[in-house]
Every structure is written in C-alpha cells, then in structure tokens.
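You will see two complexes here that share chain A, one where it goes with chain B and one where it goes with chain C.
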Partner chain A sequence: MNETQGGAHLLELQEVDAAYGPVQALKRVSLHVDAGEIVTLIGANGAGKSTLLATVFGEPRAARGHIRFNGRDITGIATHEVAKLGIALVPEGRRIFSGMTVEENLLMGTICIGPAHVEPDLIKVFEMFPRLKERLRQRAGTLSGGEQQMLAIARALMGRPGLLLLDEPSLGLAPLVVRQIFETLAEIAAAGTTVFLVEQNANHALRLAGRGYVLVNGEIRLSGTGNELLANPEVRKAYLGGH
Partner chain B sequence: MELHIFAQQLLNGLSLGAIYGLIAIGYTMVYGIIGMINFAHGDVYMISAYLTAIAMSVVFSFGVDSVPFALLIILAVAVLVTAAYGWVIERIAYRPLRGSTRLAPLISAIGMSLVLQSYVQVSQGARNQGIPTLIKGSLRIGSDTKFVQMTHIQLLIVAVTVAAMGALTFVIQRTSLGRQCRATQQDRKMAGILGIDTNRIISTVFVIGASMAAVAGVLVTLNYGSFDFSIDFITGIKAFTAAVLGGIGSLPGAMLGGVILGMSEALFSGFVNTDYKDVFAFVLLVVVLIFRPSGLLGKAEFEKV
Partner chain C sequence: MAKPASALTKSLLDALFSGVLALVVLGPISGLVLNGYQVRNEMQRPLLLAAAVMVGRFLFSLALATERGRSLLGALSARAQQGVTVAEASPPRSLRLATPLLLAAGLILPFFLSKYFLTVLILAMIYVLLGLGLNIVVGLAGLLDLGYVAFYAVGAYGLALGSQYLHLGFWTALPLAALLAAACGGLLGFPVLRMHGDYLAIVTLGFGEIIRLVLNNWLDFTGGPNGASAPPPTLFGLEFSRAAKYGGTPFHEYFHLEYNPNYKFIFIFLILFAVVSLMVLFVGRLKQMPMGRTWEALREDEIACRSLGINHVTVKLSAFMMGAMVGGVAGVFFATYQGFINPTSFSFFESALILAIVVLGGLGSTVGIVLAALVLTILPEMLRDFAEYRVLIFGVAMVLMMIWRPRGLIRIKRRSFDLEGLR
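Now for the complex of A and B:
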C-alpha cells in the first residue's frame, strides 16, 4: 500500500497557495512526507495548519502549486476521490457522526474501500481501542472527548489508509489521554501507516515525529528532524514555553 | 356525538394522513440534507397524478385485464418517471446554486414550481382529469345502524404507505446507502472526506422524496378518480405542514405529522365545518411555527456543523 512509484514522495506539496476569499491562508507551502515516516507540522492558532490538510482534500482548492500523492498530481480531483487513493483525515474537532452509533461511525470509514475487510479490521481497532468495543451500540455523541478522538482515529483506520493525516488530536484532552493517543499513533506508524500529524502540542509531536515543519502565518518557516526542532531556540521560545 | 362516527372520522383521517405523510417525506429529507424547502415538491406530486392517468390508459389500451397487475405497472411507471423528475429538478434548479446564498435556491424552487405547473397545464390542459374507478367495495365493521367502514382503496392506501415507510426506514437505518444519507445530512464536508460522493447522495434523496410523492399521487388518484393541475398547492402545503408538525428533518416525524394532520382535519370537517377544512391546516402550520417550530420529533435529529 505504501510503495512509491519511481522514487516519488508519498505526499508532496509544491509551492501551494490557498485562500478563503480575500484571506490568503497558505503561501508557497512546500513539504513532503515519505512512506513509513512520522512527520509533524507545528504552528500557532490560525497559522494555516487545518487549511493545509483541507487543501489535500480540495476544500479549499490549492490556488496555485501542486499536490502529489505517490507521484500522481491530485491538485484538482474531487474531495470524495481523495479517500479512495488511501488518504484518511482525523479532523480538528473529531467530527464524528454524533447521531450514529459507534459501530455505524466505524462503518463510515470503510466507504472508500467497500465492506470486504470490515470483520478483521473491527477486531484490529478494538485491540487498539477496547473502549470502543464496549460502546459499540451507543450513540457516538454520548462518548467522552477522549473516546470520540479514539473513534475518529479508528474510523480513519477502517479505510486502510496508506497515509493518515491528523489535525490536533490532543486538543482539549486530559494529559493522560493525550499520552495514550500519542502512544497509539506510534503503534499505528509501526504497523506501516505513514503519519502526518498537525499539532500545537509541539513537545509531544516533535518527540514522536522523525521530521517536522514549522508553519507561521501560512508559510513554512523551519524544517528539520524532530530533535533539531526541539533544540531550536526559536521553536523553544515560540512553542515550548521558552525553556 | 356518537363514538362510531368519531371512530369513522379517525379512520378517514388515517388514510388521508398517510398521503400527507408520504409527501411530507420529500420535504423533510431534502430539508434535512441541504437545509432548503423544496417548493417544487408539491408539483412533483401533481405530475405523478397525471402519470397515473396516462399509464392507466396505456395499460388498458394494451388489454391488460388483471387489476393488481395493472396497478403494479401503473405504480412502477409513476414512481420511475416521477423520480426522474425529482432528479432533474435537483440537477438544474438547485445544484448549480449550491454554495451561493440561502435565498437563491428558495427563489429557484418557487420558479421551478411555476414552470412545472404551467408545463402540465399547457401539455395536459387545464381541465379536470378523470379516471375510471378500479377498486370498488368496502370493509364494514359493526351493526346495521352503528358501523365503521373503510373502502378497499382506503385500506390499500394504508397498507401501501406502511410498506413504503417500512422499506424506506430499512434503507435509511440499515443499509450503507442510508448511513451515507445520514452522514451527509449531519456533516456534508466530513462525509466527502470519507469518500462519499455527497452530490450523488443529495440526488438520491431527491429521488427518494419524489418516489414517495409518486406513491401518494397514484393512491390519491385511484381514490378520488379526478384531479387537475392545481392540486399541487393545497396538498403540498398540507404535506409541508405535516413535515413541520412532526419536526422538519425527521423521518418518523413526517409520518406522525401526516397522521395527526389527517386525523385532526377529518375530525374538524366532520364535527366543526367542512368548508374551512383547508384553512385548518394553514392555521395549524402557523400555530406550530409560533409555539413549537422544531415540531414534535425534530430536535436531536441533526446538529449542523
């Protein structure tokens, strides 16, 4: 699922601009994620992190530049076609279907690949998140914040993605739950899914990731390995509380 | 007031309410998924009444003499062609306006309604249309002086409505298509990200709504035997009232609202005044909108993101 064609990156953004009407949210953003990596993108509130993930799905569309997946230009394809390529998003605010049961939410994750692997994949996500199994027939809206985040991740995994995009999965969760979520992300990556993680929680994210980018006002300001960025004075000052 | 007369009015109201409920489904599902009142929906229902008459004359000109077989063909033709109308209306009047202002599709809907009305009036004539009675007889329970009865066609209306509602509920609650409809209703953007072609789902909802209206059109035409191009307005408003009463966006609400409206209208015309029975629905609509705009069952159905 993860093999690249002709040495191309798994995901590549090249000089991408994106805007909401007059508000330019991304300016000449270039970055890449290779198969098997954990890459993180950190940035302050309003930097354009969510927009960057959204442009991969064409909402909003990149106004210029190119987005490639496995070497294929996907800049202009329809939103619902992106999932079928093997890209899944765990969005900011989780966006689970609160009126549906936990089970139905998980089934929604399989729309892009069809129902063939539902049984074994359910067993896999229940191993990862036993809580979801206990709550299978419960309305998803009744879950706690942490459980909803687990459900959003599990839903994404049900589509067997080659690339998993996550938008601030630690937002609003208790420290203990955040630790669990990050441990799970490490497991997911170890099992062969490439992870691209957007976070404000720079400390956790940079420790998990092999490489990272720093987004400031819609532009990539810095990039490097997780450890390089953790040691960078600018990053320490702006994102790690200055010590 | 005698009990059997009261019961009789409730039975009359039940078959009437089933019709309102069937049409209300189209209003409520379209509202649920794109947040818009499809004002052309009453006209879709009217078209199905004409299709019933046309299909009937064609079927009988081929010498089909089995009534159940003829009814099946008529129902199939009316549903298929009406569903196609529903699909086309969405494509040409609403989809191009998606993402524009909230008012634009509303105006487009009213325009579409006028177009359809004029189109039928011009192509079919403004005269009242009639069809022969296919289903006669009734079922009577009670003594010779005190009884309640339902005509066979009223029984058919209730039976077909229950079957159609059962099938629709199954599709929405238990199938992948139904889950995709509910997901698109709750969070269209997330549905798209998960790989759902939300435009296709919205089309499907228009097709489902039109099909249900077509079932209602066939049943009403068989029951009354006559109609003209203006039935869309009164019946459309009443079905819309049923949808609002039940809670717009809610499927069981549409059915419940239909039955409550049908029964209270029948009681009103039986015991208060027949001439004002159409006004009754309007008054009810206004009262519901003032005192309980979310309707009876319309609350936790969806939270728009």
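Now for the complex of A and C:
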C-alpha cells in the first residue's frame, strides 16, 4: 500500500471545497502527502483543520474538487469504506471506547481488515506502547490521557493503514507525554506508515514533519519544509509565540 | 472512629430531622382524609408513620456509626467497585457446574409443579426472553427503545391471525412471526437511524403505541378489543386438548394416558426453556463475536466506529432486527400459552416493565437479566395479597437500585481474549 502508483501522490486533495450547511469551512484546498513522509497541517482554532480530515472521510463531502488516495478518486466514497482503503484516523479527543477494555479497543481496530493479523500486530503495537500491554485488561476509560492517546493511535495502527491521519494528538497532554507521542510518530513513519498530522502545537509538529502546510480560515496560506516554516516570520509570529 | 456519645447525639439529631421531614411530607397525604365533601382529620396516622421513620433512621444512623455497619453498606453499594471487572477467559469452576444443574432442574421441575406454578414459570420465561431481546437493543447497542412491546405484539398476533387466516400451526408460525417481527424492527430502524437518546426514545414510544392502536381499531382484521384466539402447540401433530380441535389426535389418547390439562403447559414450558437456553447461549456468543462487540462500540462512540470502517447503518439495523425477532418469538409463546390475546396485553406498561428488567438486571449482563425477569414476574405472584402495591414496590426497588447499584444487579463483566503472545 505504501508504493505510489504511476508517480501519483499517496493522498492528494485538489481544489477541495467543503461546507457545513451555509458555512464554508474549506476553500480550494490543495495539498498532497507522499508515501513515507511525515506531513503536518498547522492552523489556529477553527481554521478548518479537523474539517479537512473529516472531508477525507466524506463527512462533510467535498462540495467540489477531488480527493485521491493511491491514485484512486475517493471523493464520493462512503465513510465506512475509507478505512478499508488503508486510511486510519486518530480522531480529535481520542474517542476511544471507554467502557471496553484496552484489548477490546485494539480488536475494534481490526474490523476493517479482519482478524487475520491480530497477534503479530498486537506484539508490534506493544513494543511501541509497553504501557498498553500492562493495562490490557483494564477499562479504557480508566487510562490516563496520555495512555488513552496511545491507545487511540494503537487502535488505528491495528488496521494496518498505509496512511495515518492524526487530529491534534497533543491536545490536553502534559509536555513530557506530548514529546513521547511525537517520538512514537517518528517511529511509526520510520516503520513505513505515512503520517499526516494536524496540530495546533506548531513547534512540535514542524520539528517532526518533513513538510508542512498552514491553514488559515479554510485556505492553505503557506507551505514548505518543516524547517522553512519554523523559520518563517509569519509562522513564528502567529503560531510560535513570536520569538 | 467517632466517640460513642457523639455518635448517639448525631443519630438522635438525624432521627429528629427525618421525623420532621416525614411529618411534613406525610401529614397532608395521610392525615387529611376526604370524606364526601368534608375533610376528616386523622393526624394520628402521620404521627405513627413519622415515629416509625424516626426509629428506622435512628437505628440506621447508629448502624452507620459502627465499623461493621459501614462495611455492610459498602458491600451493598457497588460504588466501591466502580473500577474494573474483567472476566477470566474461562469461567470459574462453580459456574461450570451450575449450568448443567440448572438445565437439569429446568427439565425435571415442570413435571412436579401444579398448573398454577407452571403458568407462572412460563410467564417468567417469556419475560426472560423479552429481557434478553431488549437487552440486545438497549444494553448492547445502546439504543433506548420504549416501544419494544410492539414486536411482542407482532409475534403474538402473527400466531393468532396466521392461524385464523392462513391456518398456520404453532410450528410454522414460530419462525414466520419471528421474521415478521424482525421486518418490523427493520421498518422502525430506518427512520430512527440518525436519532439518539431522547429523540429515539420518543419515536420508539410512538411506534409501540401505533401498533397497539392499529390492533385495537382494525376490527375487521384483528378483532379489535375482542381479541383473537391462538392455537396451542402440537407435538408432531399430537394435540394437548381433551378432544382434537385441529384435526389431529390428542396426546393422551395416542399414548393411552389419562387426560391432564398440565400436559399442554409442561410442553410449552419445555419448548420455551429450550428456546431461552439457546438464547442465553446465543447472546453470550454474540458478545464475543465481532457483531456484538461492534454494537457495544457503536454505543460508546459512533464517530470512532465509522472512522474504523464500521457501517453504522447495518449495525444499528441488525441490532434492531435481532432484538425485534426475539420479541416476536416471545410473543408467539405468549399467545400460545394464553390461547387468546387482545391489545390490552401490549400497553406501554409492558414496555416499561421489560425495560425495567433490563436496567435492574444490569445493562448488557445476561445472568442479571434472567434473574431480574424471574424476580419481577415471580415475586408479584408470590405476593398476590400485595398485588396492588406491585408498582409501588417496583418503583422503590428502582430508586434503591439506581442509588446503590447503578449498573444493575449483576455488573457486566468484560471478556478477555486468550490471545497467543500476550503473556
């Protein structure tokens, strides 16, 4: 799944518009993510970052433009079919199944590919997040925030995605835990899963990512490598506290 | 540990306070009796009641002051064990023994019971079935259905009307009525797919009433309030009546036995017992299968489910239809056991009762629901003399349960999966 076909990008958004009723959330958004990359999208609250990820999953549907995955047009595909193509989402606010055990949460992640690879995949996931193995039989709702975020990422990985979308994984977590999570994201990318990360925490995100985009009021304002954006005065002023 | 003296004063103060409160609340209700157009003053009654409350509160407070009383209350309350309960992958030994024992008891018991107890047990088993069915919808999938009785009615009328118009027997009607109920479940499922919580509850409530009203008012087809009669089950064409009504041979003649009206009920009980046992097994399996887990996941978080590739439409519909089907089966048994049905058996109170069974039993817990159904149907029969207070006791039990055991009699245990390489 990680090879791009015919030189196409792994994920490509082309002139995508999206709206919630009369409110237009995305305006002519074009961006791409290539296989093996870590790409980040930064922007302020309400810029449309979460909407962009949701649009990949068809909720809301792109009103115009195209979304392609692996060269295939997925603009009109049903929401529950997207995961089967190999795109996994770690939703904002984690959204783990808090009444179920850690184990059951992880098993839910395999719904889109079936149970064939459960055991080797669990072993891999536990190497990445040893804490989850300790908490295996515990209700997911009793985990700490950081552990819940790890669980959300692990659950997404259980579906063997080619592309991992993350919506603000640093939200509400202690700085130390955030650093841990970002280190893990680097590991995940190194292991061959492409990572597309939506973040408000621009500093961390841009240091991790090879490339980045800046979303302002539903439009892509800037793009470049992580280091370029970190050095960009506009970005520094708006997202990095202006030092 | 508080000093004995201060504990005593505190208990006395508590008692005094409850006494005053009881007087205020009970005074007007029980102290003033309407007699024709006059109000009679009977203040001695609230005073007696208040005195009883005070004594009770005093003893309770005293008990709370001791270590033992506190630990007893702690054991009663499930708050203390709010955290984690995960079942072992294999059941404990005591349980493994219990299952065959229960099965044997269920198979032998009916032969030694009077007709009265048989009918009570049959009714109890029907409620177990209803509870298990509604548990799929409410307990597992988390869809609050207040009109569950509709499917019960569809099953019951499926047998009655099927025999009346299409000359279906019990055994043909059983699967057909179940399918019909499932179809009705699908019919209800579609419009409510986008609804949650309160909205869903109201729509299902309306659906239940619609079915009852249609049954009540479509005189030509359903017989309206006059009801319809339903055929009893047969054993390979053998009937259980004194004389054959449906063109078969009576059971007792075929086997040269003395006629006994109990045979019919014993037979119904045995089939019902088999169906309930299968259902318990089935629901237990469901919870371990991806389907059951998906229902639970959908209850927890719909958005997460959809991002994981779960089609929420089919999942919700399957829960509705599965639950409806079980309700339909229960309805068929109800009709055949009563021999005659009319719409008054399918009022909203029935839906509420079934929901109470599910909630009291512990949402999602099979054992709890079986227990709750047995208790809620057998207890009122045992307490025939108190029949008028049934609903009151019911309400009090609900309130107490929600305070002390908010997750039901038996808390659902999460299963763990014995996977290789996890140890």
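Assume the second predicted complex is superposed on the first by the 243 of 243 C-alpha atoms of A that agree within 3 Å, B and C clash if a C-alpha of one lies under 4 Å from a C-alpha of the other, contacts with A are read in each partner's own complex, and residues count from 1 in each chain.
The rule is simple: a contact is a pair of C-beta atoms (placed from the backbone, for glycine too) under 8 Å apart; a residue touches a chain by one contact, two chains touch by 3 or more.
Note that the structure is predicted; figures quoted are calculated from it, not measured.
Superposition note: with chain A as the common reference, chain B and chain C are in steric clash. Contact with neither chain B nor chain C is seen for A:146 once the two complexes are overlaid on the shared chain.
Shared-chain residue A:162: touches no atom of chain B or chain C.
Contact with neither chain B nor chain C is seen for A:86 once the two complexes are overlaid on the shared chain. In the superposition on chain A, A:137 makes contact with chain C only, while chain B stays out of contact range. By the touch criterion stated above, A:99 is placed in contact with chain B and with chain C alike.
Which of chain B and chain C touches more residues of chain A: that partner is C. In the superposition on chain A, contact is made by A:118 with chain C only, not with chain B.
In the superposition on chain A, A:109 contacts both chain B and chain C. Chain A residues 57, 59, 78-84, 89, 91, 95, 97-100, 104, 107-109, 111-112, 115, 155, 159 lie at the interface with chain B in one structure and with chain C in the other. On the side of chain A, the complex with chain B involves touching residues 57, 59, 78-84, 89, 91, 95, 97-100, 104, 107-109, 111-112, 115, 155, 159. Residues 57, 59, 78-84, 88-89, 91, 95-101, 103-104, 107-109, 111-112, 115, 118-120, 122-123, 133, 136-139, 142, 155-156, 159 of chain A are the ones touching chain C in the complex. Across the complex, chain A is touched by residues 176, 179-180, 182-183, 186-187, 189-198, 300-303, 305 of chain B. Interface residues of chain C, counted against chain A in their complex, comprise 83-84, 86, 290, 293-294, 296-297, 299-301, 303-312, 414-417, 419-422.
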